[in-house]
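Next come two complexes built around chain A: one with chain B, the other with chain C.
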Partner chain A sequence: MKIKSGFVLRVVGGENVVVPVGEMSKTFHGMINLNETGAFLWRFFSEEHTVEEAIDALCSEYEADREQVEADVNRFVDVLTRNGFCE
Partner chain B sequence: MPENVKTIEEVLLETGKYIGPTVGTSMLPMLKNRRDTIVVKAKTERLKPLDVALYKRGNLYILHRVLKVTDTGYIIRGDNCYYDEIVPEEDVIGVLTEFFRKKTHYYCTDEKYLKYVKKRIKHYKSRRFFVLTWRKIVAGVKKPIKWILRWDKRKK
Partner chain C sequence: MVYEIAGLRVRIENKYGFTTKFCREYLSDDQESPVDIIATASEEEFAAERSLSDEFSDGYIENICLYRSICMQMPAFGRMLVHCSVLEYDGNAYAFLGRSGTGKSTHTKLWLKYLSPTRVINGDKPILEYKDGGFIAYGTPWMGKERWGTRAQAPLKGLCFLEQAKVNSIRKLSIAEASTRLFTQILIPSEEKNAIATLELTDKIVTQVPAYLLQCDISEEAAKKSFEAMTGFNFDEKKNITN
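Right, the complex of A and B next:
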């Protein structure tokens, strides 16, 4: 899975915000606020990775409960896919 | 893509801040069309000269620099424009506080940024003279070439 090109993640006042650039800004008029985990996953999926790899990366980064991480990553991926952010 | 999109004005009213892409060439060379990102805060007080104002003209949102503060509004001009605009106070809804130029994050209070702004304003008259003269020269050269090409076509 990989996030479409045409978005940049900016950190403004400690907030993680994704905004469109280039051609994408002609069709996508908005901004996406992400929490720290969301920003981590957004950066991770900026390159081609599987959901399993994202779960492993997040577990090693935050030392969190694997089941909880799995649920969070799946929910994040679902939101990305439903809103057409994935290639 | 999500459908419940709010206008910039609504976002500013609700959150006090708007972060988004730049559109247009009027603030070149500082902001490039659809490449850079702007951070605009809702207006809470009157703007000062050299601030970059976000204002509404009909349904359009425009981001240009304040040159002069008047009793009822502002004299405003884009960094890459050669005309002034008179903008009433009530049309101005926000002020640029930060921006991302390529990957670099700038604050509008940065010394480097303020230096650039002062330089840009200072050389406006000479830049205007050279740009407008150059445009006249280009137009003056293009016209006879067009006539020659048309005349050549008719001849054939």
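Right, the complex of A and C next:
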């Protein structure tokens, strides 16, 4: 699981903002706003990782309930996939 | 020809005479030294712009493409286009922003009417530069349909987003609110370096320039609200002092 190249993530006005660049900007128009968890996962999946690794990483980062984290990560990955952001 | 726009040396490579005349006040005395930006309108960009409109001349269409080319290169130099009307009062610049039709021109006219000497730096497409912890607003040859503006610059002291309402009120926006609204009034270049620079500049604008939301009609009271919030002056004391 890896997010396609061609996006940049920056914090603007305290909010996590993703915009497409280069070739990606021709096919994807617009901007993505992410919460803290979303930004964490976006950065994590900018490198190749499994969903399981993301769940482990998020659990150790936030000391959250594993079942809840699994649901969150699966939902995030589903949104990424449906929007064609994954390689 | 080489022009001086927003403090940069810009060579504009136009085919049609329209832009030469359009930019003449910004022509550089020094045509020889190296330039910062080279502005071109590719055939592809020209065709895309032409497809949006049949009614304009080739020179006008090229002119739109050339400004886009300039603005897409500005962020790497710490500058960016923000779609707004920028006025100068007492040596400082104040920007009015909002979707087309929300009353930027009308509100600009109110300041010109009641608050002299106010002048328009750029009524539609100024360039803002981040410098020494603040922003400078620059006039450019591109000033929107009304062609309000002048070759001037001033430190930007406030952003005021406009919304039409029956009752006049103004409030300070949070940084997050200002950021969401500002994103609707900027262009993000597709080239990575300039895209990143645009996001970083946008962050600096909303964290360093106070932003307000003015819900207003077209009366004198609307100008009073924006003037007092952004300048800290008393409107009734300053109103028409030279008239």
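General remarks:
Here, the second predicted complex is superposed on the first by the 87 of 87 C-alpha atoms of A that agree within 3 Å, B and C clash if a C-alpha of one lies under 4 Å from a C-alpha of the other, contacts with A are read in each partner's own complex, and residues count from 1 in each chain.
Keep in mind that, in the parts below, a residue touches a chain if its C-beta (ideal position, glycine included) is under 8 Å from a C-beta of that chain, and two chains touch if they have at least 3 such contacts.
Being a predicted model, the structure only gives us computed values, none of them experimental.
In the three-chain model built by superposing on chain A, chain B clashes with chain C. Of the two partner chains, chain B is the only one touched by A:G84; chain C is not.
In the superposed model, A:G14 makes contact with chain C only, not with chain B. Ranking chain B and chain C by residues of chain A touched puts B first. In the superposition on chain A, A:S25 contacts both chain B and chain C. Only one of the stretches 41-49, 167-175, 185-193 or 221-229 belonging to chain C has C-alpha atoms clashing with chain B in the superposition, and it is 185-193. Residue overlap on chain A between the chain B contacts of one complex and the chain C contacts of the other covers 8, 10-12, 17, 19-22, 25-26, 31. Residues of chain A that touch chain B in their complex: 8, 10-12, 17, 19-23, 25-31, 83-84. Across the complex, chain A meets chain C through its residues 8, 10-15, 17, 19-22, 25-26, 31.
Of all residues in chain B, only 1-2, 5-6, 17, 19-21, 23, 34-35, 37, 39, 98, 100, 105 touch chain A in the complex they form. The part of chain C that touches chain A in the complex is made up of residues 175-176, 178-180, 182-183, 188, 190-192, 195-196, 199-200, 202-203, 206-207.
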